[in-house]
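Each in structure tokens, the structures are laid out below.
You will see two complexes here that share subunit A, one where it goes with subunit B and one where it goes with subunit C.
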Partner chain A sequence: MARIGLSQVTKRFGGTEAVSGLDLDIADGEFVVVVGPSGCGKSTLLRLVAGLEDVSSGDVRIDGQVVNDLPPPERGIAMVFQSYALYPHMTVRKNMAFGLSQAKLRREEIDRRVRASATRLRIEDLLDRKPKSLSGGQRQRVAIGRAIVREPKLFLFDEPLSNLDAALRVEMRMEIAKLRRDLNATVLYVTHDQTEAMTLADRIVILNQGRVEQVGEPLELYRRPRNIFVAGFIGTPAINLLPCTLGSGAEGTVIVLPGDRTMPLPETLRACFGAGEVPSRITLGWRPEAVNLRGGTGGRKDAITLGVEVETVEHLGAETFVHARLDQRTIVTATAGANFQAQPGQRVAFELPLNRCHVFDGEGATLHHPSSGEEG
Partner chain B sequence: MRLGYAQRRRLKRIGFWALAAVIVIYTVFPFYWSIVTSMKTGSALFSVDLLPPDPVWENYHLIFAEQPFARNIGNSVLVAVAVVALSLALAVTAAFAFGRLRFRGRVGLLLAILAVSMFPQVAVLSGMFTLVRWLGLFNSLFALILTYLIFTLPFTVWVLTTFMRELPKELEEAAIVDGAKPLTILTRIYLPLLVPALATTGLLAFIVAWNEFLFALTFTLSNEMRTVPVAIALMTGGSQYELPWGQIMAASVVVTLPLIALVLVCQRMIVSGLTAGAVKG
Partner chain C sequence: MTQAAMTGAVRKTPAASRLTRQRARAAWLFLAPSLLVLILVAAWPLLRTFAYGFTDANLADPGAAAFIGFENYRFLLTDPLWWRSVWNTVFFTVVAVSLEMVIGTIIALALNAAVPWRGGLRAAVLIPWVIPTVVAAQMWGWMYHDIHGVLNEILVGLGLIEAKLAWTADPDLAIWAVIFTDVWKTTPFVALLVLAGLQMVPRDILEAAKMDGVSGFKLFFGVILPLIRSAVLVAALFRILDSLRIFDVIYVLTGNNERTMSMSVYARQQLVDFQDVGFGSAATSLLFGIVALVSVVYLMLGRLELMRED
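After this line comes the complex of A and B, so read on.
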């Protein structure tokens, strides 16, 4: 187990900054998932901690000790690669033992550890096979086995499940969660899959263009995103975002929704701006499950009701996603019950309750989110 | 007359095998002819027979009796083996640098190595002769080993660099995390994966060194230092005006056999798919 500290870590490749001034602290035994779109610098971050890349500036600490100049093997880490990177000419046993033999451990000790790890991962039968005769899931297990035999202070996972098919991915995800409980180790896990992040992490780090957008527990990120990027990144289907403009009309401040629908600014929203100036542009956001479907028009006072045209209906069995067009550019998604039926082209009304509305300012920073009791 | 589908297919197949037969005869016939000739003596040499009328092994006996041909073969083996070992050792380390590291002038250096092999052999001959004399290596096998590297290194470096570059980078990184030093990575991780490439390039280097003539002729003087191609070319018969064709052919057959054996051995190593299973492909 280990504490990790990153302070003002920056990595430049030529002229571009892959990671810029990043601060992050990981507690002993914590499972932290770094997630972000491709090219956000998450793999670079992992490689900086591993020591496969050198920081351009800033400090990487493991257990309080600055490890900037320590080579990877001296950092007490083990890494699982996206491509597994098994040594193809060695048997599973030799693959797992290689690191230990490099560390000049005694033969009996190596044997004991390899066998223990193989049992834990249920790959005892594969020990004398070579990687090419293994399935994807088995290779993944061997790659994890190669990491745990080293009994590292810190596990680094670089998108370990992205090469597996969907069913296997769910299985391995649960296995990693279980393994982590058993080993009680500190884990830094990189993925682009927000489902993996939500299900595995104690805390999630959302990275965008080399910068941290938000760090927090999975549900906190879901309920209280700090900005539009985080709101849009976490959650499937994605949050509905409606860019609006505010102006003054005859009855005071009015809000112009997409599709040029103008209405007086509801008092609930007015309250978000506090005593300060009313911004000219805001974005309103609703999670799909917050959107109610209604047969008729004309709605409640504490909700915005939009007339939309159904585009596609996705029946998932337990629930149904309804994607409907508000105007040329805007699609709104709602979660409906399992039995919901609608034809593409049909006009329906979406009711957006104001008490479940996220409000973002013109720069994308959050002005207001629904209190957690109402969301959820 | 229009031909049916089956007939056209049969015609195509006949055509294919006819072409294959022509190619086989074209490539194998010269070797077959030397075997036949090597078993003839005297005036029988000048008659055209597909099989020697009464085969004799006298020529095979004579080449070892009348000249130090065993010694010549030994020289050739020594030179070729040394050239293969040296060029593979140098090329693997060079390829590791070219294929795995980034440094200034990498491409320029690679091109320079290739450029070395572009000069015609005759062009470098006199300069090389001066160098060999200056190093005191004239009439020594070391002269041949040293100069043959000029031919073998460019292609061994290039081929191995290409192979090295195709090995997944993650393997190296996994080994680094596992605590392996660069030399261990090269010998324990990369070398086993490069076996097919090593076998191919090693074989080619061996053949180059085994068959080289011009340098061997120039840099050696005495019968005892000659390699096989020179020894065969300089074989003399009973008189100045007689070329001992039977013996020349016997000698050619004898020195080709090791090459064939070598190809058969190496062929088993030149299997593809050694890296299968390293990374999901």
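After this line comes the complex of A and C, so read on.
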């Protein structure tokens, strides 16, 4: 187990900054997942901690010691690669033992460790097979086994499940969660899959263009995103975002919704701006599960009701996603019950309750999010 | 199964086989031109050579040849000069190919590393391979020249040798002069093939090895070499076959010198200088047999090795 500290870590490749001035502290035994769109620098971040890349500036600390100049094997780290990176010419046993024999461990100790982790991962029967004859899931287990035998202070996972099919991915995800509880290890895990992030992490780091957008517990990121990027990145289907403009009309401040629909600024929204000046552009956001479907168009006072045209209806069994068009550029998604039926082209009304609305300013920073009891 | 369905299933078979026959016919049609060319330029001359090997044909009048059975082969196998040339060829092959493989692999590893000017270096390394062998051999012949050669000039100038050496004429030095020239000329070919193999090695595996703390010789022999094995084996096979047939470098540098004479040089001498088409053909046929045998054995060993891997 180890504490990891990154301070002002920057990595440049030529003229481009893959990671810019990144600060992050990982506590002993914590499971931290780094997510972000492709090219956001998450893999680079992992490789910097591993020592496969050198930092351009800043410090990487493990247990308080700066390890910038320490080669990978001396950092006490094990890494699981996306492609598994098993040695194809070696048996599973040799794959797991190779690093240990390099570290000059005694034979019996190597044997003991290999057998222990093989048992833990249920790959005892595969020890004398070559990687070529293993399935994707088995290779993944071997790759994890190779990391475990080293008894590292820190595990690094680089998108370990992305080469597996959906069913296996769920199984391995639970396995990693269990493994982590058993080993009580510090883990830094990179993925582009937010489900993995939400289910595995103690804390999630959202990375975008080499910078941290937000660090927090999974539900905190979901409920209280710090900005529009985090709100849009976490959650499937994605949050509905309606860019609006504010102006003044005869009855005071008015809000112009997409589709040029103008209405007086509701008092609930007005309160978000506090005593300060009312911005000219804001974005309103509702999670799909916050959107209610209405048969008629009669609007409630504490909600914005939008007339929309159904585009597609996705029945997932337990629930139904309804994607409907508000105007040329805007699609709004609502979560409906399992038995919801609608035809494409049908007009329906979406009711957006104001007490479940996220409000972002013109730059995308959060002005207001629903109090946690109401979001869900 | 109903009657109708069964007849349907039975009827399907001839239709499928008609399609198969059509495909086979089309395949033969496409293959025909190249087969014809191969028969004309490879199979026919080869058969003629085999046939001449059993006659006493003479270059002046090959038509007036008489069948003499295995007489040529009997004489060939008792000729000390033939055995000398076999030994020369084997010695040359073993030494030259070993050197080429080792040096070529080292160059490939260097080129594969992220060195500055990599593109230019790769091109530069290939230059010896691009020069026609006869030109290269002649060039080295001049450099090896005992009186005017630059090699002697440099070595004497540096004080490494006392007197100028006859590199290509000295019985003990000539074979080494030949080997050195061949290594200089064909190492780039080996380097290129091994480099292609090295570039196929997944970066993740090298990084996993790095995390495992594996480096240096252990990294090369434990991880990299097994991964590029097939590229290395192919490069070695090509070089072995070429070396067993070696002619141009040796002939240009040392002519018919007994101490460097290869099997090909021997056959040429019999066939052209001594005008003995029958005997020369017999020597050529035997050379062909040896090369064929070596490649078949080599490929079979390689396949066995691969099967053992699985």
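By definition in this document, the second predicted complex is superposed on the first by the 376 of 376 C-alpha atoms of A that agree within 3 Å, B and C clash if a C-alpha of one lies under 4 Å from a C-alpha of the other, contacts with A are read in each partner's own complex, and residues count from 1 in each chain.
Everything that follows uses one rule, which is that a residue touches a chain if its C-beta (ideal position, glycine included) is under 8 Å from a C-beta of that chain, and two chains touch if they have at least 3 such contacts.
Computed from a predicted structure; not experimentally measured.
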item	value
Subunit A as common anchor, with subunit B and subunit C clashing or fitting	clash
Which of subunit B and subunit C A:231 touches, first, second, both or neither	neither
Touching partner for A:197 - first (subunit B), second (subunit C), both, neither	neither
Touched partner set for A:185, first subunit B, second subunit C, both or neither	neither
Touching partner for A:163 - first (subunit B), second (subunit C), both, neither	first
Touched partner set for A:88, first subunit B, second subunit C, both or neither	both
Touching partner for A:114 - first (subunit B), second (subunit C), both, neither	neither
Footprint overlap on subunit A, where subunit B in one structure and subunit C in the other make contact	50, 52, 71-73, 77-79, 81-89, 98-99, 102-103, 130, 132-133, 146
Interfacial residue positions of subunit B with respect to subunit A in the complex	168, 170-171, 173-180, 184, 188-189, 192-193, 273-280
Interface residues, subunit A side, partner subunit C - complex	50, 52, 71-74, 77-79, 81-89, 98-99, 102-103, 130, 132-133, 146
Residues of subunit A defined as touching subunit B within the complex	50, 52, 71-73, 77-79, 81-89, 98-99, 102-103, 130-134, 136, 139, 146, 150, 163
Interfacial residue positions of subunit C with respect to subunit A in the complex	202, 204-205, 207-214, 218, 222-223, 226-227, 309-310
